[in-house]
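Written below as C-alpha cells is the structure these notes are about.
We call the chains A, B and C, going by the order they appear; numbering starts again at 1 in every chain.
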Amino acid sequence: MKASSMTARTLDTFARMSIGRAFASGIGMVAGGFLILLVLVAIFAPWIAPFDYAAQNLMNANAPPGWPHLLGTDEFGRDVLSRVIFGARTSLSVSATAIAISMAAGMTLGAAAGYFGGFFERAVMTVVDLTWSFPDILIALIFVAIIGPGLTSTTFAIAIAYLAQFTRLTRAQIVRLKRETFIEATVNLGANPSHILLRHLMPNAIAPVIVVGMLAIGDGIVLEATLGFFGLGAQPPTPSWGAMMSSGTAQLFLSPWVIIFPGVAVAVTVIAVNLFGDELIRALDIRDRLRGA
Amino acid sequence: MLSVRDLGVAFGAVEPLSGVSFSVEKGETIGIVGESGSGKSLTAMSVMGLLPLIGGRITGGKIVFDGQDLTDLPERAYRKLRGGRIGLITQNPMTSLDPLKKIGPQVDDVARLHLGMDATQARARTVEILGTLRIPEPALICERYPHQMSGGMKQRIVIAMALAADPDVLIADEPTTALDVTVQAQIIRLLDDLVKQRNLALVLITHDMSVVAQTCDNVVVMYAGRAVEYGPVETIFDRPRHPYTQALIACIPRGLEETARLTGIEGTVPTVINYPKGCPFHPRCARAEAICATDPPDFSVEGDSAAACHFAEVAHAQPA
Amino acid sequence: MILRYTFLRLLMLIPVSFSISVVIFMIVYLLPGDPIDNLLRVGSSPEDRAELVAQYGLDRNLVIQYFVWIGNMFQGEFGQAIVLRRPVADLVAQNLPYSLTLGGLAFLFSSTVGMTLGTISAVVRHPVLDRFMRGFILLGSTVPGFWLALLLILFFSVNLGWFPVSGAGGWTSLVLPVLTIGFGGVALVARVTRVALLDAQREDFVTLLHAKGLSSGTILFRHLMPHALLPVVTILALRIGWILGGAVTVEFVFGRPGLGSLLIRALGQRDYPVVQACLLMLALAVMLGTLIGDVAQASMDPRIREKKS
C-alpha cells in the first residue's frame, strides 16, 4: 500500500515538475499542445467529425478534397476526414493500451531481474535480449500469426514487441540504483529487501521508463498502422489509419488522398510524440541514464 | 631561441591570460610554475599555435621563435614547426596516444612528416630514439598498442614522438603529474639529460617547485593568468619576493621531520570569470593591504628578477 | 588473435541459436488445434499424414521431435509447403537472392550516405546545417516505411513515371525500395557518426596529433574516423536485422519477391513450414549481423580483442 502511494507521489512530482518544464520550451509547447488537441479530438470524435465514418455513398466515391468532403472520399464514398478523426481514437487507444501493458510487465520483469540477480536474471535477460535483436514488426507479425488478426491481438503484439525495451531499461536502472543506494540503506536502516525495492528503487527508476514509454507510444502508433496496413489489425468497418491506407493502395492512382492524409496523421503524431519526449528528456536531465540501457 | 613577450589570450570576451613573458635559449630549461588554472597550459597551447583547436585566440604580444614572430604565422607554415622544430609533451600519457594504432607508426609519423623519411628509415629512427630513451626492446615495443604499456613507458613514447624530428624547443606540460613518484623522478632526469645532450631549449610547465629547483635555470611563477615573479632559479629560491612564490616554496616537503609542517596555500585559484581586481592574489595573501585590492602591482625589478607585488621590496626580508 | 576472437564469438552463438530455433519450432505447438493438422493441407489423405509423422517423428516426444526437425533444417530439408505444394527449400532459394540484393543495397546506401552526412555535419558545424540534420533525423526515424514507399511510388512512378510501380525487373525497380529502407538508416547512421566524431575530437590524443604537425585532414581520416567507426559499426550490424524487418513491409508494398513477402503471404495462408523456414533464415541473418559487428569492432579496436579472448 505504501509503495503505491509512494509511486503515486513520485509520479505526481514528476508530472508537475518535468512536464511543466518540457512545455516551457517553444518546441515542447507546440508538440505538447498538438498531442493534447489530438487526444481531445479522439475523445470527442463523434461531435467533431462532419460525417458518419461508416456512411457509404457510392455515387460520390473517390471524390477529391473539396466541399463538403474536405479531405475527399474513399472508394465507398466515405468521408476521409471523419475516418481520420475516428482513426485517431483507434490508433491512440490501441498504442497507449499496448504500451501501458508492456510497461507494467516490463517493469515488473526488469525490476525482479535486476533486484534478485543470479540465474533468474540471466534467464530473463537471455530471452529479452533475444527478442530485442529482432525487428519489432517481425515479433508483432509472429504474434498476430499465432492468435489471428484483430485489434486485441494487435494490442498484445505491440505490447510484446516493446517488452524487451522496458525490461532492459528498468533492470539497468535498478542495478545502477542498487549499487548506489543499497549498501547505504541497509547499513543505516537494516531495512528489508522488498521495502527497499518498492519504496526506494522503483520510484527512482520510474522517470526514465515513463519517458521511454512516452516515446514508445509513437513507435506503437507506427506499428499499429503497419499491422493495419497488412490487414492484420483493425477489421472493417472500424476506421484505423493503417487500414485506411491498406484499402487505399488499390486506388493509389485514382484517389491518392485516401493514402496521403492518414499517413500525414501518423507522421505528424509520431513526430510530435518524439519532439515532446526529447523535451522531457532534456527537462529531466536523464539522457545519460537512457544511454546505458 | 624562444621568447614570449606580453602574451594575452582570450576566449570570446573572457581573457584568461595576459602579460606573460619569458624566454629560453638552447641548452637551458625554463620552469613555468603555478597551480592548476593559472594559465600554464594555455601558454603551452599558444606557443604550439593550437589555440584555435580549443576556441581561443591570441589578443596581444609576440611569440618569437628563432627570430620569427609566430603569432601571425599561417597554419601551413606552423605545421612545419609543430613536431618539427617545437615538440610537445602533454600531461596525461594514458590518453595522449591513439588507442587504436600501434606505437611504432605513431612515432614514425613525425620523422616521415618532418624529415622526409620513408617508412623503413622512419622506423629505424624510431627504434633508435626509443633506445636512447632507455626503452627495452624498442623494435618489439613498436608492434605494441598503447593500452599494453605502463604510464611511465607511454610518457617515454610521447617524449620520443616529441624528439623524433630533432626539435630545437621542447615544451613539457606537466609531464610527470599523472605518474608514480619513482617514475616521475626518472622522467625528470631523462628530460634534464636530453637538454644537455641534445642542446635543447626546454619549457617545463609544472606545479611542483621541487622539480623546478632540480632542473630549471630560470623560472616564471604564474597566478590567475599572469606572471607574478620571474628570474634565475637561485635568486628566486634564495630571495622570493612575491608572497605567492614564498607560499609555493613553503609547500615543498623537506624531509621527514618537517612533514608535520607541510603546508598548502589557503583558498583556491580564482577562475577566469572572477579574477579579482587589483593584485589577483590579494584575497589569499597574508600580507594584503588596502592598495592590493584596488591597484594592480607593477613589476619591481631587482637584478635579473622581478616580482609583481606592492611590497616586493620588503617581502623577502620576512619569508612566510 | 582475431581468428580466435571470431571463434569464441561463434561458440557464444550456440546457446542463442539453440533458443531461437526452439522458439520457432514451438510455433506449431502454440497454435490452437492439432500440430499435425497445422502442418497438413486440409483434405490430405491418411497416407500424407503418415508420411509426415514418419518424417518428423511426430509420434515421439517433443525433445526427439525437435532434434529430428533441426537435423532436417541443417540439411536444407525444410519440408513441403502446404499451400504452394512445393519444397520449402525451393521457395527460400527462389526468394533469398531478391532479399539479399535489396538488403545489401539498402545497407550500402544507408552506411555510405549516412556516414558522409554525419561527417559533414560534425566537421562543418553550422547552425543551419545542424537544424537541417535534426529535422532529417527526426523524419527518418518517425515516418512509417510503408507510407514513405507509397508516397515515393505516387510521386516518382505515377506522376513522373521514372520507375516501375512494382515488381522486380531490372535495376530501376530497386531504386525506390532501396531509398525507402535506406531513409531511416541514413538518418540513424548520420546521427551516430556525428556524435561519435564530436566525441573523438574531444579526446586528449587529438592535441598531440596536432602537435606532431599533422594536418586536420589527416587527423580526421586516419585517426578520428576509426574512432567514430566503432559505434557506427555496432549500429550497422544491429541494423542488418532491422533492414530485413523493414524489407518485410517494403517488399510487400512494392510487390517484390523476397523472404519478407514470402513470410507475409505464408502467415496469411497459415503455411507454417514456410513461416518456420523464413523465420529461421531471418534469425540467422540477425545473428550473423551481430557476429560481423562484433568481429569488425574487434578488428578495429585492440582493447576489445584482448578483453574477450
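We adopt the following convention: contacts are C-beta pairs under 8 Å (C-beta built on N, C-alpha and C of every residue); 3 or more make two chains touch, one makes a residue touch a chain.
The chain lineup, named per UniProt: B = ABC transporter ATP-binding protein; C = ABC transporter permease.
Note that the structure is predicted; figures quoted are calculated from it, not measured.
The touch graph of these protein chains is an open line.
Among the pairs A-C and B-C, the greater number of C-beta contacts is found at A-C.
Averaging Cα coordinates per chain places chain A and chain B 57 Å apart. Per-chain Cα centroids separate chain A from chain C by 24 Å. As a whole-number value, the distance joining the C-alpha centres of chain B and chain C reads 53 Å.
Multi-chain contact residues of chain C, defined as those touching 2 or more other chains: none present. On chain A, the positions that touch chain C within their shared complex are 126-127, 130, 133-138, 141-142, 144-146, 218, 222, 225-226, 229-230, 245, 249, 252-253, 256, 259-260, 263, 266-267, 270-271, 274-275.
Those residues of chain C lying in contact with chain B across their complex are 203-215, 223, 226-227, 300-303, 306.
Within the complex formed with chain A, the chain C residues making contact are 15-16, 19-20, 23, 27, 30-31, 138-139, 141-147, 150-151, 153-154, 158, 238, 241-242, 244-246, 248-249, 252-253, 263-264, 267, 270, 275, 279, 282-283, 286-287, 290.
Contact residues of chain B toward chain C in the complex are 45, 48, 50, 53, 79-84, 87-88, 90, 92, 95-101, 109-110, 113-114, 145, 147-148, 158, 161-162.
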